[in-house]
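Multiple structures follow.
After this come two complexes, each holding chain A, first together with chain B and then together with chain C.
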Partner chain A sequence: MSNVLVSSKTKSASQPLKRLVQRIRPVYLALFLLILIGIFTQPTFLTLRNVRNIILSSTPWAIATIGQTLALLTAGIDLSIGPVVSLTNVIAAFLMKNHPNQVWGIVLLCIVCGTLVGLINGFAIARLRLNPFIITLATGTIIQGVTLGIMYQPGGLVTEGFLQISRAGLGAIPYALFFLIILYGIGTFILKRTPFGLSIYAIGGNETSAHLSGIRTSLVIVVVYSISGFLAALAGLFLASRIGSGDPLVGDPISLDTITAAVLGGTSLFGGVGDLIGGLAGAFFIGILSTVLNLNNVSPFYQWISKGVILIAALALDLWRQAID
Partner chain B sequence: MTISLSSRYNLNMSESTIGPYLEMRSITKDFPGVRALDSVTITVDRAEVRALVGENGAGKSTLIKILSGAYRTDQGEIWLESNKTEIYSPLRALALGISTIYQEFNLVPQLNVAENIMLGQVPAKWGVINTKEVHQKAKEVLQQLGIELNTYQIVGKLTVAQQQIVEIAKALARNLQILIMDEPTAALNQVEIGNLFNVIRALKKRGVTVLYISHRLSEIFEIADSVTVLKDGKLVDTKVIQELSRDDVVRMMIGRQLTDYFPPKDTLGEGTVLRVRNLCLENRLFDINLDVFTGEILGIAGLEGQGQVELVQSIVGVIKRDSGDIFRNGNQVQIEAPLDAMNAGIGYIPDDRKQDGLVLIRSVNENITLPSLRNRQKNLFFIDNKLERGFVNQLIDKLSIKLTSRSQLVKGLSGGNQQKVVLAKWLGIQPQVLVVAEPTRGIDVGSKSEIHHLMRDLARQGVGILMVSSELPEILGMSDRIVVMSRGRLVAEMPGDGASEEAIMAAATKDILTQETTYQPENTL
Partner chain C sequence: MTTVTTSSAVGIRKFVQKISINPSVVIWIVIVLLLLLARIVSSGFLTPTHMLNVARQASGLGIVTIGQTIVIITGGIDLSNGMVITLVDIVAATILRGKDTLLFPVILLCLAIGCLIGLVNGLLITKVKIPPLIETLGMFGILKGTAYVITSGAPKGDIPPSLNFVGSGFIGPIPTQVFFWVGFTILAIIVMHKTPFGRYIYAVGGNTRAARLSGVKTDRVVISAYIISSVLAAVAGLILAGYIGTGSLSLGEGYNLNSVAAAVVGGTAFSGGSGTIIGSTGGALFLAILISLLRFLGLPYSNQLMVQGAILAIAIYFQSRSQR
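Right after this comes the complex of A and B.
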């Protein structure tokens, strides 16, 4: 409200700023500024080692953000992503320690588990008409319990070969980066160029209208949450490869971090507006932020606080953009 | 607050002879690519009811948004009581006593009538609300409007008409000088409209100026003192209502004589395209049988809320019917969901385009392609871009939808153009049956006529059209055959030619007036 008032009073001064906000998404600007801060405060920031590190630590977040963005686009939300990441991470580390010859089977099992959770979420939301926030919070809580039941403390071990997933690369460039590019490429293509993708936008914009237009809204929603669960499982597996063991709480911040990343990237919490690529930038923003804060020895307390402040700033910018439109 | 208000009011009365109460001088407003208002000047007196009319896109909405502080004018000045005034925000407009009643109300549904009316100025002592005083004050305000309404009722449970009155009362409780009403009767029935007009007359007596936007000319002639006509962002003229006839207003609005309101009817084809047998819906629809012939427009008439909407919704699978068979070209079809209806070649244009018909926050392109996405795929998976562009452009041309680009968001279009987008969606699946509810609700006469012609063209190509409308002229002008609904039953059928408003109304009300002696039209709210 007050923004409207101020901007109309100081019309001439704020006009270019308005246009800038409309054209460039704040997330790119923020990412750019954050990288500048990193470069100026830490001489080691641009070293190959550190860049590699940033990419690898952001990868699970970036993978999971795709699922979260899809859920948000349908005017839903997926709070079970974090627990599914923990679950699959723990299953992988737990089973691989005892059955190092069954890596492929274990990977498949993790993926099936994640997708199944998504399927249940999707079914509950689309067919039983349960509120996405509540149902994914509930399934997430249950899964967190199951995860702690499997492994109460960090432990387990992954195989040497499995470790290579996050370590190997083409020269200095980790394969993870290529994987992300391909995943986001496919995702964006599906979202923008297929009937399924456009149905997601239509459902988030106006579910009744989409239904009346012959869209199988229930099916689309079930598929969206299944994809989200599937990707959360991939993120959990990648984390297992990266840390080499299982941690029942490793996914804890990911549910909220993926929401922050998606919203930072311009996805509306009300559905129907947004895309994947902004979420990718958002995920990297969060990854780089913790790197920068860690390198500068900022206490974890402030890291939490800064994440919260950034989420508020992202929401404020989102509202401002809407007001300008 | 109230004291300063009334003293100010008295002061105005003595000064009101000096000049007009409200002056908007040479108002100009540009949007990217469009000049929405071009040097428009209007002056309105105190206690005058001024109708603002014009086709969609004429600039009415922009003008009232400038007055209500939602937009700022690029050029021009606003004068209130001979003082130059800046209305830089909606709050500023409210402080000046300018209130707007939009179609979506700004009420808190969980609170009761009195709390809503007094919201923001609840009388309280030591932080404790004086409930008695709240209700007493709210009642006083309602009395000023000549309305009796239980102030303890929860607003969310009131009818739309009652909520509208609460909204007006809320404005009146806060220094109301100018009331802007945008299509206030769109969702009201005849009795409720009569009530609203009484309220407007009461406001007029209290010195409130009313700016009234409506597409319904008959209402304007009933309630307005004067009419301002806008066209393409320019002022056509302002005239006292007594100097005008309906035809004058229409001519001023569209800039030409509208000789044929409705396209000429045509001879019917052979065979039924849609047959409905023994359709029932518990307590709402009773054994409905109807046939739609090839190339026919079948009008369903009746008072509002007699089951017309439920009927069409159960035909196209939006609501689940208890029993009843549906046949297409003589073959029975299973319709359990809108998708089934679509696959059976039935298109459905819902009565509420914003709620049900469109995805407002997405583009024209996406909205038009939504029902037929799978018809233009390159392979199993992807959409053929080129094919889609041609498809959408062709429909936009055919329906002459006015827009800046295909990627323009639907919410930025005028009502008439939005309705054309809904129509384009369904033309895209090339339906053989079109089920249409209130096809021209709330849109201007020009677009209305265009949509009527489009419907007739479709019928000529053999499409069977089932049309529900609560506007009798539309039923009479468009239908080849008319059925009348009353209390969930089809009570009369008549040919379109030779039918009269009187005959339809007689059939529509007969059942209600004779059989149900307990039925009382609501005179008070």
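Right after this comes the complex of A and C.
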């Protein structure tokens, strides 16, 4: 008994801090701090207009990060997300300019394209046993080539009605926010409460064991990457609605950004660990960071440095947390 | 008589099997096929002058690929090497401003920068245990931002004549760069196959725990690998800076992913522990010839990307079959 008393008195002063960091995942703390910094440095931060802007600019990233998280959970990775976003963005703008009456057909086409790319990725990874990094890099490069072939420079035009999709809302609250909430709600439910979701974790933990316990690993992996392609297509369409035109390089940073967002949110690169909500926080962190830096007139070049430092720091912190246990 | 024929037939079959299973050899066969294809598709491509030009283009990628190969063999990856190239170019152009006076100090500075970046990469990966993919990705971002901040987005300055010679000059009929590439390749082959350090690299990549338990200082080996990669990238950066003659924020673009592709296509497995410098050299040469051929055929950049991606996919498919 006296030992217990003695040891608790000799605990270091950083104990409460350690416990705080352990209880709450760092990404939420970081997000909270970032928002505080935003509020203190810029009075316009909390205006409705700015909050709306943050939500709308982070939405494509938030959508795409779900797909990346799922791929990472299976101990894979999807480097074709960025190019698929660019592809659907460009296809939408290009076709809508000349066929303004066929918006829904064009949307369907984009979704099919994205899902098809994901299907090919999944097949190559699950059936042909190709390395996810290399094969998604290869398909991503091909898709980027196709995108540049369709539109070498920004151009194209979306229809008026389509423009409104990203701008519409319930009063000042954009529908995009509701969409994200529903998407993440359904996604988290599927991931945590259905056999399919649990098999994703199992595959990431140990694919051979998962396979031996009867999980249809090939099918799950194919579906995971197809979902990733599907969501990337949605993100590209949302960007088309928001920007109003097509840009073949719009998705360039998205592959790496989604990896950063997912890892920030606690998803392990080795698979089996992580969830969607963390990725959402990560995606918003990246979005708000850009906004805070822009509002404070920080040169966009520093954004590269800060993103790099954050990525490394986030991982280091995560590893430190695991070491404490 | 029949016995002799049978055994020689078996011998030939074994020989063919051995070649087709060894990825390092396969890539060189593929290069020959590619050159034959180039001959058929366009007659102007295979001229000596043009081939030497391709060799020049391949040198930068080749040097960087050597470092990337060593890192991948240890089970890691280096995505920051492209940015090291860009940063070295910016630093050299900004400080030298077209004059030869400070050439040697600047060369030393650039190599030191490469050394430092590699050291930081290695330390973060071994001591803080950050996965190489993420760490080098983060470093890539940091270096990119640094390059932009130094130049405020608009690179100024030029590269002086002596460095230009290295980048665009000739020694006899052969471009200077090629000498550097060949030199480093030979050096790397000697180190990897004839020194304990080379064996340690393979050991650490094959089974890190076993290596550590047998007394190999695995952390130091891994850190050395990343330092080698960044220093080689710095060297390539100086050579490429000499080639284009000015500062450019996009000089190193694509080198990180292309060096990975070259290593993989040349037989280096992502899982670590296998791969050869010869194979990777073939991989780099293959990619350089391919890109050059596509450009020569007038294919727009978009088509080039499609072909590059397709080739990468096909190459890794065949590699995965041969490694079964």
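Here is the rule we use: the second predicted complex is superposed on the first by the 311 of 325 C-alpha atoms of A that agree within 3 Å, B and C clash if a C-alpha of one lies under 4 Å from a C-alpha of the other, contacts with A are read in each partner's own complex, and residues count from 1 in each chain.
We take it that a contact is a pair of C-beta atoms (placed from the backbone, for glycine too) under 8 Å apart; a residue touches a chain by one contact, two chains touch by 3 or more.
Quick caveat, the model's predicted, so the values are computed rather than measured.
Participant: Contact-wise, after the overlay, does A:W304 reach chain B, chain C, both or neither (first, second, both, neither)?
Facilitator: second
Participant: Looking at A:G272, would you say it contacts chain B, chain C, both, or neither? Reply first, second, both or neither.
Facilitator: It touches chain B, and chain C stays clear.
Participant: Figure out whether A:A124 sits in contact with chain B (first) or chain C (second), or with both, or with neither.
Facilitator: The answer is second: A:A124 touches chain C but not chain B.
Participant: A:T141 in the overlay: touching chain B, chain C, both, or neither? Say first, second, both or neither.
Facilitator: second
Participant: Going by the contact rule set out at the top, does A:G149 touch chain B (first), chain C (second), both, or neither?
Facilitator: second
Participant: For A:V263 in the superposed arrangement: first (chain B), second (chain C), both or neither?
Facilitator: Only chain C; A:V263 stays clear of chain B.
Participant: In this superposition, which partner touches a larger number of chain A residues, chain B or chain C?
Facilitator: After superposing on chain A, more of chain A is contacted by C.
Participant: Between chain B (first) and chain C (second), which, if any, makes contact with A:V51: first, second, both or neither?
Facilitator: Neither chain B nor chain C is touched by A:V51.
Participant: Once chain A of both complexes is superposed, is A:L116 in touch with chain B (first), chain C (second), both, or neither?
Facilitator: A:L116: touches no partner chain.
Participant: Considering only the defined contacts, which chain B positions touch chain A in the complex?
Facilitator: My answer: residues 72, 88-89, 91, 318, 337-339, 341-343, 348, 350, 355-362, 366, 369-371, 373-374, 377, 381-383, 385, 425.
Participant: Write out the stretch or stretches of chain A touching chain B in their complex.
Facilitator: 1, 4-5, 8-9, 11, 189, 193-195, 198-199, 201-202, 205-206, 208-216, 272-273
Participant: Any idea which chain C residues touch chain A in the complex?
Facilitator: 124, 128-131, 133-135, 137-146, 148-149, 152-153, 257, 260-261, 264, 270, 300-310, 312-313, 316-317, 320
Participant: So in the complex, which bits of chain A are touching chain C?
Facilitator: Listed in rising order, the residues of chain A that touch chain C are 77, 124, 128-131, 133-135, 137-149, 152, 256, 259-260, 263, 269-270, 299, 301-312, 315-316, 319.
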